[in-house]
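Pasting the structures here.
Look for chain A in each of the two complexes below; its partner is chain B in the first and chain C in the second.
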Partner chain A sequence: MTQYIVRRVIQAIPVLFLISVVSFLLMLSAPGGPANQFNQNPHISAAQINKWLQDWCLVQNPTPLDTVREYLGWLGVWNCSGGSFLSVHGLPNFLPAFLGGGTNGILHGDFGYSIETGQPVLGMIYQRLPTTIILMGTAFVLWATIAIIAGVIAAVRRYSFFDQSVTFVSYVLYSLPTFWLGLILIFIFGEALRWFPVQGMVNVRTSAAPFATQAYWQSFFADPIPNIVDIASHLVLPVVTLIAVSIAGDSRFVRSAMLDSLHQDYVRTARAKGIRERQVIIRHAFRNALLPILTNLALEIAFLFSGAIVTETVFSLPGMGRLYYDGVENSDYFLLMGILLIGSVLVVLMNLLADIAYAFADPRIRYD
Partner chain B sequence: MPRIPQTQGDPPPSDILLDVRDLRTHFRVMDGTVPAVDGVSFQVRRGETLGVVGESGCGKSVTALTIMRLIETPPGEIVSGEVWFDGRDVLQLSQDEMLDVRGAEMAMIFQEPMTSLNPVLTVGDQIVEAVVAHKKINHRAALDRAVEMLRLVGIPEAPRRVKQYPHEMSGGMRQRVMIALALSCDPKLLIADEPTTALDVTIQAQILELIRKVQAETGTALLLITHDLGVVAETVQRVVVMYAGKVVETGTVDEVLQDPKHPYTEGLLASIPSKGMRGTRLNVIKGSVPNPFRMPVGCRFHPRCPYAFDPCPDHEPPLDEQGNPERRVACWLHTKPPFGLEHRPRYGTATPLAVEAAGEAVR
Partner chain C sequence: MAIPTDPTLAGVAAAPPADVAKADVEVALESLSQWQLAWRRFRKHRMAMVGLGFFAFMILVAIFGPIIMPFDPTNIPGTTNPAGYPPSLAHLFGTDTVGRDVFAMVVNGARISVAIGGFSMLIAGFIGVVVGAVAGYFGGWVDNVLMRVVDTFFAIPLLFVILVAAKFFGQGQVISLIVIFGVLSWPLIARLVRAQFLSLREADFVEAARAVGVRDGRITFRHILPNAIGPVIVAMTLIMASNIVLEAFVSYLNFGISANQTSWGNALANAQSALGLGNWWWAFFPGMAIAVTVMSINFVGDGLRDALDPRTRL
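Take a look at the complex of A and B:
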């Protein structure tokens, strides 16, 4: 088991490297370029621009070699200010700083500065992370739970009224575009019925400070319950928007996986033992249906991220998705690359967790 | 709620463990109704071994699943009949009451050892589950029971094997586990549905030997379903031959194998290859199993029967006694046909297929 996990973790490393290449190439292919973007921001002085250009190996009209240097500098393998693979200490630049490596690049936790705000990218993402994690965590748990319960019941009571209803609702929800659903929910439950707030993570009138600032957390932990209620009420509409489509698709998937395993020989064996039907369904049919379901859930975590961009924008949530959307509008290169990379790392981590969960669920794939 | 046929008759004498009477299980599917089991009757005495023989699709397995009440409804439906088991008609029991019978008093071994065990549970867990469900013992005692059962079925290193998953075992080993599982609650009746079909020949012999051995040790009655007459000859005392959802011949194994009366049984025996036949064409029963949506009228075997004559296409032969109540044949050759029709085969009067078959038989 340990060997399996270690192997999976090692496999994640080349994936992350490739992700960094793709993130960089995507930004490279976007029109403009960081150097041009600096010039358009009146808040940045010429001296600052020159320093950053220097720090990040940026040049006007780069040759392919300059581009490779730019990538390696962003990664932290190339020492831009020194112009070599070695750090100021004369050791390989990619080593951690305390071992004598450099300090630039994502390997050393330096994601650069936002062109728009001039702040460190990592700090900006860090500030937005709680919103996204709360939103996506809630969405994921609800999504998986509802899809599994609905799918299992639909499969067990195949062709019943419940099954037909789930099918009908699924097809309706599945055909709704996320941004449109969000706006309609705002219109009905926020505007017409006034049941739920329609923007932000917290009520700005009652909360002590903006969400996810230090002052906010202090007041949050001083009196958590009203704050949790406040966040929960703000999350209702975004979460529904985010998961409606996924639930629709996944409940169908769970249903078919469950139907598949209900017709397996071992389910008949289980019934022949004379154990209760509930036990047959949960221990035998569902335990086996869980394997494809886990795979599917892991794959769809990435969809959750892209869904979060739309949802956070529609509901003005201060999360990473919104930050990304703003970044795109401002051609904020370092910010975008940072978010792409950190988002991808989160997806890779989630998939790693899913793989490990999979190994627990299926004895056949444990390597040792 | 599926319709349950009402009990008509009285319980059988107490030495009869299982008494199946005129059982009919039909499947209603989109294209029509399939009478998979259509009026099947037989008895199994306590501790006895009864073989049910027939081609694929003749209703053997459906009969077994009906006795276990494992027919999925819909599409399956037990249309009529009685299944007296140990003094009660199990068709009258509710599914809840059936839980105490299934696995505990009657247990089943399936054809496919590779897929019949749950791949994500250890074999120990799967046996423990059955034991805990039927016996008032705790998990630890049930696990001891599982180890004991694995030993009984000849699995070496049982305490280690009990913690293994099915994928860590061979097909023969898994079938041993299935047998251990089925016998774990001391059932009075063991139904084995083609227990050796999916196994290598050498393993087949071992598994049959094992079934015979544990049956002798535990005194359980055995209903052995197979298409393999070799298996029947070695294992059972009495035989029921089924064709197209009906019983066509019954008797002791010697009677049926030495002196088959039904042309179908005769054909089955003739189609077994033997050593002296090298180089000659294999005897086969002409034609194929009838389309279940359009069963032949009259005797269901008549389109393939080399002896078919006047009454066969129109009148279904009854399962009549031949000397004693347990030696029965459903064939007009052995029963006086109604309407004064002559009691002798007339080749070729039934169907073109029969003409061809008869020609083959003469050649």
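Take a look at the complex of A and C:
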């Protein structure tokens, strides 16, 4: 077991490294490049620009060696202001600051500054996090629940009317472009029926302050109920949009995992022992089908992230996806690198956790 | 997965002589090639046939539509109605807010959307097969390095990368978007091909080929690959479908195809702003074109899954 976990963690390290290289190369090889972008922004003073350029080893027309240095500086392995691998304390720069390492680079939690606003990237992401977490969390819980229930019933009543309808609806939903489904829902439930708001996270007329600001949270906790209702009504359409397409694929996955499990010998044994059918399905068949289902759900977190961009842009929700979209629009390199990196690292960690949990839960998994 | 325990189905046209000799004896009853058998199975799948028919129709629209019904997005006729004209005989799918015909948009958009989906699928298939074959056949550190790269692709949310790549490197060009979508969507294929290779390289007929001194490259491409091709083709249909949707989204955000060209995503680009005016048709019809095309591709993929699996029998 320990050996397996260590192996999986070691496997994750090159992936994390490659993710950082990809995020970096994608941005730095883009036309313009951060150094030029900084210069074009009138909101930032020349002194600020020079300080950042120096802190991040950025140069106007980098040679390949400069690029490597920029990457290592961005990572935090290279001490840009000192120009060496050692920090001001004379110790390796990649160590945490309290152990005598440097303070620059993503390893030390420094994701740089937004080229557009001049604010620290991490702070901007932090401010947008609640929206994305609420959206993705709600979507994930509903999505998993519905997919599992629909898939299990479809498997138990195989070839019934319910099963066939689930299959048919899955096919249709699976083929819909998420953003287009959002547009259609906006028209039907937002414009024609006027049941739900179609923009933003809160009602801008009634709420005390923009969502997720300090003033907003103060008014939120002063009187939570109407605020929760407000957020919930704004979330209905985005959440439906986000999960409709994913549920389709997953309910089919649950159905086939459940069918596999229902044909196993232990299910037949349980039935032969005279256990009630309901118990056989829940206790014996479903519990064994749960493992592949959970792994599959964990793997789909990456898709949920992609889906968050789609829904947040279509519904103008102030989340990380929308922030990313704005970043692409403004060529805000450090912001994009930060979001891309944090998102991907989260996905790696989730998959790692899922694998480890799987190994703990399934005694059959042994590795060499 | 599909280990050909039955040698009659192991040999495609390019099978080694030993296999063909054996296959001839056993298939003599029917004397059908593997592809003929697959086509027989495919024909039985009704939805797959419907999907194939519709997809063929879409290809025709993509090729001839722009010739029969030219559409110039820069030509703006204007309207008397701020929301555009609703669907009528003159404008089958209505018009957008500036009076451009949505039907012509859909017909003309087919070419770029289907081309991006189709050609990026071919690129992804090619890279994926080569990477997966190399990793699966050689194993060891080659496999390890390539699979970590694949893991990386799976960890980074694809849409994030595609948005940036399309905006920074796409330049609104169809060709560059095809390359971007192709280069970013191969890992699924590579993983599949590798898994097939891992099981097939231990198979007896590969062992036999190796024993008589066949070179690595030839074993890979003539003995193993034809047997691994089924799941790969199915995965390629999935990639084509998802790339059509991705293109639509990227162009909808104005990061994809430039505004003086027409794709289905491009047609949807400003449709959201018209929803508030009661104009639903502008958003509805291009999206339906995407949805129905994607659905037909998915049905074809489903039919292929059954048809190309040698374990399914007639």
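Simple rule for what comes next: the second predicted complex is superposed on the first by the 342 of 368 C-alpha atoms of A that agree within 3 Å, B and C clash if a C-alpha of one lies under 4 Å from a C-alpha of the other, contacts with A are read in each partner's own complex, and residues count from 1 in each chain.
Keep this in mind: contacts are C-beta pairs under 8 Å (C-beta built on N, C-alpha and C of every residue); 3 or more make two chains touch, one makes a residue touch a chain.
Because the structure is predicted, anything quoted here is derived from the model rather than measured.
Of the two partner chains, chain C is the only one that A:Ala302 touches; chain B does not reach it. Contact with neither chain B nor chain C is seen for A:Gln48 once the two complexes are overlaid on the shared chain. Put simply, more of the residues of chain A are touched by C, taking chain B and chain C as the two choices.
Looking at the shared chain after the overlay, A:Val328 reaches chain C, while chain B stays out of its contact range.
After overlaying the two complexes on the shared chain, residue contacts for A:Gly343 are found with chain C alone; chain B is out of touch. Using the contact criterion defined above for the overlaid structures, shared-chain residue A:Leu176 touches chain C, although it does not reach chain B.
By the document's definition of touching, neither partner reaches A:Ser233: not chain B, not chain C. In the superposed model, A:Ile186 lies in contact with chain C only, and not with chain B. Contacts of A:Gly274 after superposition: chain B is touched, whereas chain C is not reached.
Across the superposed pair, chain B and chain C touch chain A at no common residue.
Looking at the complex, you find that chain A touches chain C at residues 11, 14-15, 18-19, 22-23, 26-27, 30-31, 171-172, 174-180, 183-184, 186-187, 190-192, 302-303, 305-306, 309-310, 313-314, 324-325, 328-329, 331, 336, 339-340, 343-344, 347-348, 351.
The part of chain A that touches chain B in the complex is made up of residues 264-266, 268-277, 279, 283-284, 287-288, 291, 361-364. Residues 148-149, 151-152, 154-161, 163-165, 167-169, 241, 245, 248-249, 252-253, 255, 268, 271-272, 275-276, 278, 280, 283-284, 287, 290-292, 294-295, 298-299 of chain C are the ones that touch chain A when the two sit in their complex. Of all residues in chain B, only 68, 70, 95, 98-104, 107-108, 110, 112, 115-122, 126, 129-130, 133-134, 165, 167, 178, 181 touch chain A in the complex they form.
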